[in-house]
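Read from first to last, the chains carry the letters A, B, C and D; within each, the first residue is number 1.
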Amino acid sequence: MMLSAFACTHRVTYSECTVGNHVYYSRYLDILEEARGEFFRHLGKPLLALQAADFAFPVLECRLKYHAPARYDDVLQVQVWLTFAKGVRLNFAYRVAGADGKQVLEGETFHCCTNLSEKPKRLPEDLIQLLKPHLQPQPERLN
Amino acid sequence: MMLSAFACTHRVTYSECTVGNHVYYSRYLDILEEARGEFFRHLGKPLLALQAADFAFPVLECRLKYHAPARYDDVLQVQVWLTFAKGVRLNFAYRVAGADGKQVLEGETFHCCTNLSEKPKRLPEDLIQLLKPHLQPQPERLN
Amino acid sequence: MMLSAFACTHRVTYSECTVGNHVYYSRYLDILEEARGEFFRHLGKPLLALQAADFAFPVLECRLKYHAPARYDDVLQVQVWLTFAKGVRLNFAYRVAGADGKQVLEGETFHCCTNLSEKPKRLPEDLIQLLKPHLQPQPERLN
Amino acid sequence: MMLSAFACTHRVTYSECTVGNHVYYSRYLDILEEARGEFFRHLGKPLLALQAADFAFPVLECRLKYHAPARYDDVLQVQVWLTFAKGVRLNFAYRVAGADGKQVLEGETFHCCTNLSEKPKRLPEDLIQLLKPHLQPQPERLN
(Lines give C-alpha, C1' and ligand atoms only; values in the text may rest on other atoms or scores of the structure.)
Protein backbone atom coordinates (compact mmCIF):
# COMPACT_ATOMS: atom_id res chain seq x y z
CA MET A 1 0.00 0.00 0.00
CA MET A 2 1.40 3.32 -1.02
CA LEU A 3 1.23 6.07 1.55
CA SER A 4 2.68 8.90 -0.44
CA ALA A 5 4.30 9.52 -3.80
CA PHE A 6 5.49 12.53 -5.70
CA ALA A 7 2.61 13.84 -7.80
CA CYS A 8 2.18 16.42 -10.52
CA THR A 9 -0.60 17.35 -12.91
CA HIS A 10 -0.91 17.50 -16.67
CA ARG A 11 -3.73 19.02 -18.71
CA VAL A 12 -4.53 17.17 -21.92
CA THR A 13 -4.22 19.16 -25.17
CA TYR A 14 -5.59 18.51 -28.67
CA SER A 15 -2.04 17.70 -29.79
CA GLU A 16 -2.13 14.62 -27.52
CA CYS A 17 -5.52 13.32 -28.65
CA THR A 18 -6.40 11.23 -31.67
CA VAL A 19 -9.46 10.11 -33.60
CA GLY A 20 -12.19 9.10 -31.14
CA ASN A 21 -11.24 11.90 -28.73
CA HIS A 22 -8.83 10.20 -26.37
CA VAL A 23 -5.16 10.57 -25.60
CA TYR A 24 -3.08 8.65 -28.18
CA TYR A 25 -1.39 5.63 -26.58
CA SER A 26 2.20 6.81 -27.00
CA ARG A 27 1.61 10.29 -25.53
CA TYR A 28 1.45 8.85 -22.02
CA LEU A 29 5.17 8.16 -22.29
CA ASP A 30 5.70 11.87 -23.01
CA ILE A 31 3.59 12.69 -19.95
CA LEU A 32 5.59 10.24 -17.80
CA GLU A 33 8.84 11.87 -18.97
CA GLU A 34 7.46 15.26 -17.94
CA ALA A 35 6.59 13.80 -14.51
CA ARG A 36 10.06 12.25 -14.10
CA GLY A 37 11.57 15.64 -14.90
CA GLU A 38 9.42 17.29 -12.21
CA PHE A 39 10.32 14.51 -9.78
CA PHE A 40 14.08 15.06 -10.22
CA ARG A 41 13.59 18.81 -9.87
CA HIS A 42 11.63 18.17 -6.64
CA LEU A 43 14.61 16.11 -5.36
CA GLY A 44 16.86 19.10 -5.95
CA LYS A 45 18.66 17.32 -8.82
CA PRO A 46 17.11 18.44 -12.12
CA LEU A 47 17.96 16.15 -15.03
CA LEU A 48 19.65 19.12 -16.72
CA ALA A 49 22.13 19.33 -13.82
CA LEU A 50 22.68 15.56 -13.94
CA GLN A 51 23.23 15.84 -17.70
CA ALA A 52 25.80 18.59 -17.09
CA ALA A 53 27.51 16.16 -14.67
CA ASP A 54 27.61 13.53 -17.49
CA PHE A 55 24.65 11.39 -16.37
CA ALA A 56 21.82 10.17 -18.58
CA PHE A 57 19.05 7.63 -17.90
CA PRO A 58 18.10 5.90 -21.14
CA VAL A 59 15.03 3.66 -21.00
CA LEU A 60 15.61 -0.10 -21.20
CA GLU A 61 12.03 -1.20 -20.91
CA CYS A 62 8.55 0.17 -20.35
CA ARG A 63 5.17 -1.31 -19.52
CA LEU A 64 1.89 0.50 -19.64
CA LYS A 65 -1.59 -0.62 -18.63
CA TYR A 66 -4.37 1.55 -20.02
CA HIS A 67 -7.38 1.49 -17.69
CA ALA A 68 -9.61 4.23 -19.09
CA PRO A 69 -9.24 6.80 -21.87
CA ALA A 70 -8.22 10.35 -20.94
CA ARG A 71 -9.92 13.09 -22.97
CA TYR A 72 -9.17 16.61 -24.16
CA ASP A 73 -8.91 19.12 -21.28
CA ASP A 74 -8.75 16.42 -18.58
CA VAL A 75 -6.42 17.33 -15.73
CA LEU A 76 -4.39 14.22 -15.04
CA GLN A 77 -2.78 13.47 -11.70
CA VAL A 78 0.54 11.70 -12.29
CA GLN A 79 2.14 9.88 -9.35
CA VAL A 80 5.78 8.83 -9.62
CA TRP A 81 7.84 6.61 -7.32
CA LEU A 82 10.80 4.26 -7.49
CA THR A 83 10.76 0.48 -7.37
CA PHE A 84 14.54 0.00 -7.68
CA ALA A 85 17.66 2.18 -7.51
CA LYS A 86 21.01 0.44 -7.23
CA GLY A 87 24.21 0.07 -9.23
CA VAL A 88 23.46 1.14 -12.79
CA ARG A 89 19.71 0.57 -12.65
CA LEU A 90 16.76 2.80 -11.82
CA ASN A 91 13.13 1.67 -12.07
CA PHE A 92 10.12 3.96 -11.84
CA ALA A 93 6.45 3.23 -11.38
CA TYR A 94 3.58 5.58 -12.20
CA ARG A 95 -0.11 5.94 -11.64
CA VAL A 96 -2.15 8.35 -13.76
CA ALA A 97 -5.66 9.28 -12.65
CA GLY A 98 -8.35 11.71 -13.80
CA ALA A 99 -9.38 14.69 -11.68
CA ASP A 100 -12.22 12.53 -10.35
CA GLY A 101 -9.73 9.91 -9.17
CA LYS A 102 -10.62 7.45 -11.94
CA GLN A 103 -7.58 5.32 -12.79
CA VAL A 104 -6.33 6.06 -16.30
CA LEU A 105 -2.96 4.31 -16.54
CA GLU A 106 -0.37 2.35 -14.60
CA GLY A 107 3.15 2.25 -15.87
CA GLU A 108 6.70 1.19 -15.19
CA THR A 109 9.89 2.35 -16.88
CA PHE A 110 13.25 0.68 -16.33
CA HIS A 111 16.34 2.80 -16.90
CA CYS A 112 20.06 2.42 -17.08
CA CYS A 113 22.37 5.05 -15.62
CA THR A 114 24.96 5.96 -18.27
CA ASN A 115 27.34 8.73 -19.22
CA LEU A 116 26.49 10.95 -22.20
CA SER A 117 28.35 8.54 -24.50
CA GLU A 118 25.81 5.84 -23.54
CA LYS A 119 28.26 3.82 -21.36
CA PRO A 120 26.76 2.38 -18.13
CA LYS A 121 27.85 4.23 -14.98
CA ARG A 122 26.89 3.71 -11.33
CA LEU A 123 24.22 5.98 -9.86
CA PRO A 124 25.94 8.70 -7.82
CA GLU A 125 25.71 8.07 -4.07
CA ASP A 126 24.12 11.44 -3.28
CA LEU A 127 21.36 10.75 -5.80
CA ILE A 128 20.71 7.32 -4.24
CA GLN A 129 20.30 9.01 -0.85
CA LEU A 130 17.80 11.49 -2.30
CA LEU A 131 15.89 8.71 -4.05
CA LYS A 132 15.58 6.45 -0.97
CA PRO A 133 12.46 8.02 0.57
CA HIS A 134 10.69 7.48 -2.77
CA LEU A 135 11.58 3.82 -3.05
CA GLN A 136 8.72 1.36 -2.78
CA PRO A 137 9.75 -2.10 -4.02
CA GLN A 138 6.93 -3.52 -6.13
CA PRO A 139 5.15 -6.25 -4.10
CA GLU A 140 3.75 -7.69 -7.29
CA ARG A 141 4.72 -6.99 -10.89
CA LEU A 142 2.29 -5.04 -13.02
CA ASN A 143 1.49 -8.23 -14.91
CA MET B 1 11.72 -19.57 -33.73
CA MET B 2 9.85 -17.38 -36.13
CA LEU B 3 9.90 -18.44 -39.77
CA SER B 4 8.08 -15.50 -41.29
CA ALA B 5 6.28 -12.38 -40.23
CA PHE B 6 4.79 -9.38 -41.96
CA ALA B 7 7.48 -6.72 -42.25
CA CYS B 8 7.60 -3.11 -43.30
CA THR B 9 10.21 -0.37 -43.11
CA HIS B 10 10.35 3.04 -41.49
CA ARG B 11 12.96 5.75 -42.01
CA VAL B 12 13.76 7.79 -38.90
CA THR B 13 13.18 11.56 -39.14
CA TYR B 14 14.44 14.43 -36.98
CA SER B 15 10.92 14.80 -35.59
CA GLU B 16 11.31 11.39 -33.94
CA CYS B 17 14.73 12.02 -32.41
CA THR B 18 15.63 13.76 -29.20
CA VAL B 19 18.69 15.18 -27.43
CA GLY B 20 21.57 12.74 -27.80
CA ASN B 21 20.53 11.83 -31.36
CA HIS B 22 18.35 8.80 -30.84
CA VAL B 23 14.69 8.02 -31.37
CA TYR B 24 12.65 9.27 -28.39
CA TYR B 25 11.25 6.34 -26.41
CA SER B 26 7.57 7.00 -27.11
CA ARG B 27 7.98 7.36 -30.88
CA TYR B 28 8.39 3.60 -31.26
CA LEU B 29 4.71 3.26 -30.36
CA ASP B 30 3.89 5.59 -33.27
CA ILE B 31 6.07 3.41 -35.52
CA LEU B 32 4.34 0.22 -34.28
CA GLU B 33 0.94 1.80 -35.04
CA GLU B 34 2.12 2.56 -38.57
CA ALA B 35 3.23 -1.08 -38.92
CA ARG B 36 -0.11 -2.43 -37.59
CA GLY B 37 -1.88 -0.24 -40.16
CA GLU B 38 0.25 -1.70 -42.96
CA PHE B 39 -0.33 -5.20 -41.60
CA PHE B 40 -4.15 -4.83 -41.72
CA ARG B 41 -3.91 -3.37 -45.22
CA HIS B 42 -1.77 -6.37 -46.25
CA LEU B 43 -4.53 -8.68 -44.90
CA GLY B 44 -7.02 -6.91 -47.18
CA LYS B 45 -8.79 -5.33 -44.17
CA PRO B 46 -7.48 -1.78 -43.69
CA LEU B 47 -8.30 -0.34 -40.27
CA LEU B 48 -10.26 2.41 -42.03
CA ALA B 49 -12.64 -0.22 -43.48
CA LEU B 50 -12.90 -1.90 -40.08
CA GLN B 51 -13.64 1.50 -38.53
CA ALA B 52 -16.37 2.07 -41.14
CA ALA B 53 -17.79 -1.33 -40.03
CA ASP B 54 -17.83 -0.06 -36.39
CA PHE B 55 -14.70 -1.83 -35.15
CA ALA B 56 -11.87 -0.26 -33.17
CA PHE B 57 -8.91 -1.83 -31.36
CA PRO B 58 -7.95 0.30 -28.37
CA VAL B 59 -4.75 -0.66 -26.59
CA LEU B 60 -5.07 -2.25 -23.15
CA GLU B 61 -1.41 -2.77 -22.47
CA CYS B 62 1.98 -2.40 -24.07
CA ARG B 63 5.50 -3.56 -23.29
CA LEU B 64 8.64 -2.39 -24.98
CA LYS B 65 12.21 -3.57 -24.61
CA TYR B 66 14.78 -1.15 -25.99
CA HIS B 67 17.88 -3.01 -27.15
CA ALA B 68 19.85 -0.35 -29.03
CA PRO B 69 19.19 3.26 -29.98
CA ALA B 70 17.96 4.02 -33.50
CA ARG B 71 19.37 7.19 -35.05
CA TYR B 72 18.34 9.82 -37.58
CA ASP B 73 18.02 8.43 -41.11
CA ASP B 74 18.15 4.78 -39.99
CA VAL B 75 15.92 2.52 -42.03
CA LEU B 76 14.13 0.33 -39.51
CA GLN B 77 12.71 -3.08 -40.34
CA VAL B 78 9.51 -3.61 -38.37
CA GLN B 79 8.17 -7.16 -38.06
CA VAL B 80 4.60 -7.66 -36.85
CA TRP B 81 2.79 -10.86 -35.87
CA LEU B 82 0.01 -12.02 -33.59
CA THR B 83 0.32 -13.87 -30.32
CA PHE B 84 -3.43 -14.08 -29.58
CA ALA B 85 -6.69 -13.42 -31.47
CA LYS B 86 -9.88 -14.72 -29.91
CA GLY B 87 -13.15 -13.37 -28.53
CA VAL B 88 -12.65 -9.66 -27.82
CA ARG B 89 -8.83 -9.79 -27.53
CA LEU B 90 -6.04 -9.29 -30.02
CA ASN B 91 -2.34 -9.32 -29.08
CA PHE B 92 0.51 -8.25 -31.33
CA ALA B 93 4.24 -8.75 -31.06
CA TYR B 94 6.90 -6.73 -32.87
CA ARG B 95 10.57 -6.79 -33.59
CA VAL B 96 12.36 -3.68 -34.83
CA ALA B 97 15.84 -3.97 -36.32
CA GLY B 98 18.30 -1.64 -38.03
CA ALA B 99 19.21 -2.05 -41.71
CA ASP B 100 22.25 -4.04 -40.55
CA GLY B 101 19.98 -6.48 -38.68
CA LYS B 102 20.94 -5.11 -35.26
CA GLN B 103 18.03 -5.55 -32.86
CA VAL B 104 16.58 -2.20 -31.78
CA LEU B 105 13.34 -3.03 -30.01
CA GLU B 106 10.98 -5.84 -29.06
CA GLY B 107 7.41 -5.01 -28.22
CA GLU B 108 3.97 -6.34 -27.46
CA THR B 109 0.65 -4.54 -27.57
CA PHE B 110 -2.58 -6.04 -26.19
CA HIS B 111 -5.82 -4.77 -27.68
CA CYS B 112 -9.52 -5.06 -27.09
CA CYS B 113 -11.94 -5.28 -30.00
CA THR B 114 -14.69 -2.70 -29.46
CA ASN B 115 -17.31 -0.74 -31.37
CA LEU B 116 -16.73 2.97 -31.97
CA SER B 117 -18.52 3.77 -28.70
CA GLU B 118 -15.78 1.83 -26.86
CA LYS B 119 -17.98 -1.19 -25.99
CA PRO B 120 -16.25 -4.61 -26.28
CA LYS B 121 -17.34 -6.61 -29.34
CA ARG B 122 -16.18 -10.00 -30.64
CA LEU B 123 -13.60 -10.07 -33.42
CA PRO B 124 -15.42 -10.73 -36.72
CA GLU B 125 -14.99 -14.31 -37.91
CA ASP B 126 -13.61 -13.34 -41.35
CA LEU B 127 -10.91 -11.25 -39.67
CA ILE B 128 -9.95 -14.16 -37.39
CA GLN B 129 -9.51 -16.34 -40.48
CA LEU B 130 -7.28 -13.74 -42.12
CA LEU B 131 -5.23 -13.35 -38.91
CA LYS B 132 -4.64 -17.10 -38.39
CA PRO B 133 -1.57 -17.49 -40.62
CA HIS B 134 0.09 -14.68 -38.66
CA LEU B 135 -0.55 -16.20 -35.25
CA GLN B 136 2.49 -17.36 -33.31
CA PRO B 137 1.62 -17.92 -29.65
CA GLN B 138 4.41 -16.55 -27.48
CA PRO B 139 6.44 -19.46 -26.03
CA GLU B 140 7.77 -17.24 -23.32
CA ARG B 141 6.68 -13.76 -22.23
CA LEU B 142 8.91 -10.84 -23.09
CA ASN B 143 9.89 -10.55 -19.45
CA MET C 1 3.66 48.67 -28.41
CA MET C 2 1.92 46.04 -26.40
CA LEU C 3 1.01 46.97 -22.85
CA SER C 4 -0.39 43.68 -21.66
CA ALA C 5 -1.23 40.26 -23.01
CA PHE C 6 -2.35 36.98 -21.54
CA ALA C 7 0.73 34.94 -20.68
CA CYS C 8 1.43 31.42 -19.55
CA THR C 9 4.54 29.30 -19.15
CA HIS C 10 5.73 26.04 -20.64
CA ARG C 11 8.70 23.96 -19.55
CA VAL C 12 10.52 22.20 -22.41
CA THR C 13 10.71 18.38 -22.21
CA TYR C 14 12.96 15.89 -24.01
CA SER C 15 9.94 14.80 -26.07
CA GLU C 16 9.91 18.26 -27.68
CA CYS C 17 13.62 18.41 -28.49
CA THR C 18 15.50 16.98 -31.42
CA VAL C 19 19.08 16.29 -32.52
CA GLY C 20 21.24 19.28 -31.62
CA ASN C 21 19.33 19.86 -28.36
CA HIS C 22 16.71 22.36 -29.36
CA VAL C 23 12.94 22.33 -29.59
CA TYR C 24 11.84 20.73 -32.88
CA TYR C 25 10.28 23.33 -35.17
CA SER C 26 6.76 21.89 -35.21
CA ARG C 27 6.47 21.54 -31.42
CA TYR C 28 5.99 25.29 -31.05
CA LEU C 29 2.57 24.87 -32.66
CA ASP C 30 1.71 22.36 -29.92
CA ILE C 31 2.89 24.90 -27.34
CA LEU C 32 0.80 27.66 -28.97
CA GLU C 33 -2.28 25.38 -28.87
CA GLU C 34 -1.69 24.83 -25.16
CA ALA C 35 -1.46 28.60 -24.67
CA ARG C 36 -4.68 29.24 -26.66
CA GLY C 37 -6.41 26.67 -24.45
CA GLU C 38 -5.24 28.49 -21.33
CA PHE C 39 -6.29 31.81 -22.85
CA PHE C 40 -9.87 30.63 -23.49
CA ARG C 41 -10.02 29.19 -19.97
CA HIS C 42 -8.83 32.56 -18.62
CA LEU C 43 -11.70 34.23 -20.54
CA GLY C 44 -14.13 31.94 -18.76
CA LYS C 45 -14.92 30.09 -22.01
CA PRO C 46 -12.81 26.92 -22.15
CA LEU C 47 -12.60 25.40 -25.63
CA LEU C 48 -14.25 22.26 -24.24
CA ALA C 49 -17.35 24.28 -23.34
CA LEU C 50 -17.31 25.95 -26.77
CA GLN C 51 -16.97 22.51 -28.36
CA ALA C 52 -19.99 21.31 -26.34
CA ALA C 53 -21.85 24.33 -27.76
CA ASP C 54 -20.90 23.19 -31.32
CA PHE C 55 -18.03 25.61 -31.94
CA ALA C 56 -14.59 24.72 -33.30
CA PHE C 57 -11.73 26.93 -34.51
CA PRO C 58 -9.78 25.11 -37.21
CA VAL C 59 -6.55 26.77 -38.33
CA LEU C 60 -6.52 28.32 -41.81
CA GLU C 61 -2.99 29.63 -41.76
CA CYS C 62 0.01 29.95 -39.51
CA ARG C 63 3.28 31.86 -39.59
CA LEU C 64 6.20 31.35 -37.29
CA LYS C 65 9.45 33.26 -36.95
CA TYR C 66 12.14 31.40 -35.04
CA HIS C 67 14.47 33.86 -33.32
CA ALA C 68 16.55 31.64 -31.05
CA PRO C 69 16.51 27.96 -30.15
CA ALA C 70 14.79 26.88 -26.94
CA ARG C 71 16.52 24.04 -25.06
CA TYR C 72 15.59 21.20 -22.75
CA ASP C 73 14.27 22.43 -19.37
CA ASP C 74 13.85 26.04 -20.52
CA VAL C 75 10.83 27.73 -19.03
CA LEU C 76 9.15 29.54 -21.90
CA GLN C 77 6.90 32.55 -21.44
CA VAL C 78 4.12 32.43 -24.03
CA GLN C 79 2.13 35.62 -24.67
CA VAL C 80 -1.14 35.38 -26.57
CA TRP C 81 -3.36 38.12 -27.95
CA LEU C 82 -5.82 38.71 -30.78
CA THR C 83 -5.27 40.66 -33.96
CA PHE C 84 -8.74 40.08 -35.43
CA ALA C 85 -12.10 38.71 -34.23
CA LYS C 86 -15.13 39.34 -36.41
CA GLY C 87 -17.69 37.34 -38.37
CA VAL C 88 -16.27 33.86 -38.89
CA ARG C 89 -12.60 34.79 -38.41
CA LEU C 90 -10.30 34.85 -35.40
CA ASN C 91 -6.59 35.69 -35.60
CA PHE C 92 -4.08 35.20 -32.81
CA ALA C 93 -0.56 36.49 -32.34
CA TYR C 94 2.04 35.04 -29.99
CA ARG C 95 5.40 35.87 -28.54
CA VAL C 96 7.53 33.19 -26.91
CA ALA C 97 10.51 34.19 -24.77
CA GLY C 98 12.99 32.39 -22.55
CA ALA C 99 13.05 32.90 -18.78
CA ASP C 100 15.77 35.52 -19.36
CA GLY C 101 13.46 37.46 -21.69
CA LYS C 102 15.33 36.40 -24.83
CA GLN C 103 12.94 36.27 -27.79
CA VAL C 104 12.49 32.70 -29.03
CA LEU C 105 9.56 32.86 -31.44
CA GLU C 106 6.90 35.12 -32.89
CA GLY C 107 3.82 33.58 -34.41
CA GLU C 108 0.41 34.15 -35.86
CA THR C 109 -2.41 31.68 -36.40
CA PHE C 110 -5.55 32.49 -38.40
CA HIS C 111 -8.67 30.52 -37.56
CA CYS C 112 -12.16 30.04 -38.88
CA CYS C 113 -15.09 29.66 -36.52
CA THR C 114 -17.09 26.58 -37.54
CA ASN C 115 -19.54 24.08 -36.14
CA LEU C 116 -18.31 20.55 -35.37
CA SER C 117 -19.22 19.48 -38.92
CA GLU C 118 -16.62 21.98 -40.21
CA LYS C 119 -19.21 24.50 -41.57
CA PRO C 120 -18.34 28.19 -41.01
CA LYS C 121 -20.41 29.85 -38.26
CA ARG C 122 -20.28 33.37 -36.84
CA LEU C 123 -18.39 33.91 -33.59
CA PRO C 124 -20.91 34.11 -30.74
CA GLU C 125 -21.50 37.68 -29.58
CA ASP C 126 -20.66 36.94 -25.92
CA LEU C 127 -17.30 35.50 -26.99
CA ILE C 128 -16.55 38.61 -29.08
CA GLN C 129 -17.22 40.78 -26.01
CA LEU C 130 -14.83 38.66 -23.92
CA LEU C 131 -12.17 38.79 -26.64
CA LYS C 132 -12.28 42.57 -27.11
CA PRO C 133 -9.88 43.58 -24.32
CA HIS C 134 -7.30 41.23 -25.86
CA LEU C 135 -7.57 42.65 -29.36
CA GLN C 136 -4.52 44.47 -30.66
CA PRO C 137 -4.75 44.95 -34.43
CA GLN C 138 -1.34 44.24 -35.96
CA PRO C 139 0.24 47.57 -37.03
CA GLU C 140 2.56 45.72 -39.37
CA ARG C 141 2.44 42.13 -40.57
CA LEU C 142 5.03 39.70 -39.24
CA ASN C 143 6.74 39.73 -42.64
CA MET D 1 3.23 27.67 -63.36
CA MET D 2 5.19 24.74 -62.04
CA LEU D 3 6.18 22.10 -64.57
CA SER D 4 7.82 19.60 -62.28
CA ALA D 5 8.81 19.23 -58.66
CA PHE D 6 10.21 16.50 -56.50
CA ALA D 7 7.33 14.57 -54.97
CA CYS D 8 6.92 11.88 -52.36
CA THR D 9 3.99 10.34 -50.54
CA HIS D 10 2.97 10.06 -46.91
CA ARG D 11 0.21 7.92 -45.44
CA VAL D 12 -1.60 9.50 -42.49
CA THR D 13 -1.53 7.54 -39.20
CA TYR D 14 -3.68 7.82 -36.05
CA SER D 15 -0.68 9.33 -34.28
CA GLU D 16 -0.96 12.37 -36.60
CA CYS D 17 -4.70 12.90 -36.18
CA THR D 18 -6.60 14.70 -33.45
CA VAL D 19 -10.15 15.09 -32.18
CA GLY D 20 -12.47 15.56 -35.15
CA ASN D 21 -10.50 13.06 -37.27
CA HIS D 22 -8.11 15.28 -39.12
CA VAL D 23 -4.35 15.73 -39.15
CA TYR D 24 -3.29 17.98 -36.24
CA TYR D 25 -2.00 21.32 -37.54
CA SER D 26 1.61 20.92 -36.39
CA ARG D 27 2.07 17.44 -37.87
CA TYR D 28 2.31 18.89 -41.38
CA LEU D 29 5.68 20.35 -40.39
CA ASP D 30 6.83 16.83 -39.48
CA ILE D 31 5.60 15.64 -42.89
CA LEU D 32 7.42 18.51 -44.66
CA GLU D 33 10.63 17.58 -42.83
CA GLU D 34 10.24 13.99 -44.04
CA ALA D 35 9.78 15.30 -47.59
CA ARG D 36 12.85 17.58 -47.35
CA GLY D 37 14.86 14.56 -46.19
CA GLU D 38 13.69 12.56 -49.21
CA PHE D 39 14.45 15.51 -51.48
CA PHE D 40 18.07 15.79 -50.29
CA ARG D 41 18.47 12.02 -50.66
CA HIS D 42 17.10 12.31 -54.21
CA LEU D 43 19.76 14.98 -54.93
CA GLY D 44 22.44 12.52 -53.83
CA LYS D 45 23.20 14.59 -50.69
CA PRO D 46 21.31 13.09 -47.74
CA LEU D 47 21.05 15.45 -44.77
CA LEU D 48 22.97 12.88 -42.71
CA ALA D 49 25.98 13.25 -45.05
CA LEU D 50 25.67 17.04 -44.92
CA GLN D 51 25.49 16.83 -41.11
CA ALA D 52 28.67 14.70 -41.13
CA ALA D 53 30.26 17.49 -43.21
CA ASP D 54 29.25 20.03 -40.50
CA PHE D 55 26.18 21.50 -42.23
CA ALA D 56 22.77 22.03 -40.66
CA PHE D 57 19.71 23.93 -41.92
CA PRO D 58 17.77 25.34 -38.98
CA VAL D 59 14.41 26.88 -39.79
CA LEU D 60 14.11 30.66 -39.54
CA GLU D 61 10.51 30.98 -40.57
CA CYS D 62 7.59 28.92 -41.79
CA ARG D 63 4.21 29.67 -43.29
CA LEU D 64 1.44 27.19 -43.80
CA LYS D 65 -1.94 27.57 -45.50
CA TYR D 66 -4.41 24.82 -44.64
CA HIS D 67 -6.83 24.29 -47.53
CA ALA D 68 -8.66 21.10 -46.55
CA PRO D 69 -8.31 18.60 -43.71
CA ALA D 70 -6.40 15.37 -44.34
CA ARG D 71 -7.84 12.29 -42.64
CA TYR D 72 -6.61 8.98 -41.24
CA ASP D 73 -5.24 6.67 -43.96
CA ASP D 74 -5.12 9.38 -46.62
CA VAL D 75 -2.15 9.06 -48.93
CA LEU D 76 -0.74 12.55 -49.26
CA GLN D 77 1.31 13.71 -52.23
CA VAL D 78 3.98 16.12 -51.04
CA GLN D 79 5.71 18.31 -53.65
CA VAL D 80 8.91 20.11 -52.68
CA TRP D 81 10.87 22.76 -54.55
CA LEU D 82 13.17 25.69 -53.85
CA THR D 83 12.36 29.36 -54.05
CA PHE D 84 15.79 30.64 -53.00
CA ALA D 85 19.27 29.17 -52.50
CA LYS D 86 22.15 31.60 -52.13
CA GLY D 87 24.76 32.60 -49.56
CA VAL D 88 23.57 31.34 -46.19
CA ARG D 89 19.87 31.10 -47.10
CA LEU D 90 17.70 28.30 -48.45
CA ASN D 91 13.93 28.61 -48.96
CA PHE D 92 11.59 25.73 -49.72
CA ALA D 93 8.01 25.67 -50.94
CA TYR D 94 5.61 22.74 -50.64
CA ARG D 95 2.27 21.63 -51.90
CA VAL D 96 0.40 18.79 -50.21
CA ALA D 97 -2.53 17.16 -51.97
CA GLY D 98 -4.80 14.19 -51.33
CA ALA D 99 -4.74 11.09 -53.54
CA ASP D 100 -7.66 12.63 -55.47
CA GLY D 101 -5.57 15.74 -56.19
CA LYS D 102 -7.52 17.90 -53.71
CA GLN D 103 -5.24 20.61 -52.30
CA VAL D 104 -4.59 20.08 -48.59
CA LEU D 105 -1.78 22.49 -47.73
CA GLU D 106 0.65 25.02 -49.16
CA GLY D 107 3.76 25.84 -47.23
CA GLU D 108 7.06 27.64 -47.18
CA THR D 109 10.03 27.15 -44.88
CA PHE D 110 13.00 29.52 -44.77
CA HIS D 111 16.28 28.09 -43.56
CA CYS D 112 19.72 29.26 -42.66
CA CYS D 113 22.79 27.22 -43.56
CA THR D 114 24.93 26.82 -40.43
CA ASN D 115 27.61 24.61 -38.96
CA LEU D 116 26.67 22.20 -36.17
CA SER D 117 27.49 24.90 -33.60
CA GLU D 118 24.68 27.02 -35.12
CA LYS D 119 27.03 29.56 -36.78
CA PRO D 120 25.93 30.72 -40.28
CA LYS D 121 28.00 29.24 -43.11
CA ARG D 122 27.69 29.57 -46.89
CA LEU D 123 25.90 26.83 -48.82
CA PRO D 124 28.53 24.59 -50.41
CA GLU D 125 28.93 25.24 -54.13
CA ASP D 126 28.29 21.61 -55.14
CA LEU D 127 25.00 21.66 -53.26
CA ILE D 128 23.95 24.90 -54.99
CA GLN D 129 24.60 23.23 -58.35
CA LEU D 130 22.45 20.24 -57.37
CA LEU D 131 19.67 22.51 -56.11
CA LYS D 132 19.51 24.71 -59.22
CA PRO D 133 17.16 22.53 -61.32
CA HIS D 134 14.68 22.62 -58.43
CA LEU D 135 14.71 26.39 -58.06
CA GLN D 136 11.48 28.17 -58.93
CA PRO D 137 11.52 31.72 -57.59
CA GLN D 138 8.10 32.51 -56.10
CA PRO D 139 6.25 34.89 -58.48
CA GLU D 140 3.98 35.97 -55.65
CA ARG D 141 4.29 35.37 -51.91
CA LEU D 142 1.93 32.88 -50.29
CA ASN D 143 0.03 35.76 -48.73
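Worth pointing out:
In this section, a contact is a pair of C-beta atoms (placed from the backbone, for glycine too) under 8 Å apart; a residue touches a chain by one contact, two chains touch by 3 or more.
For clarity, every value in this text was computed on a predicted model and none was experimentally measured.
Taking A-B and B-C together, the chain pair joined by more C-beta contacts is A-B. In this assembly, C is the chain whose CA centroid lies farthest from the centroid of chain B. Spacing of chain B relative to chain D, judged by their CA centroids, is 29 angstrom. If each chain is reduced to the centroid of its CA atoms, chain A and chain B end up 24 Å from each other. If you average the Cα atoms of chain B and of chain C, the two centres end up 35 Å apart. Among all residues of chain C, those that touch two or more other chains are 14-15, 26, 29-30, 33, 72. Residue ranges of chain A in contact with chain B, taken from their complex: 20, 22, 25-30, 33, 56, 58-66, 69, 116, 118, 141, 143.
Those residues of chain D lying in contact with chain B across their complex are 11, 13-15, 29-30, 33-34, 37, 46-48, 51, 72-73. Per the touch definition, chain A reaches chain D in the complex via residues 14-15, 17-19, 21, 24, 26, 72.
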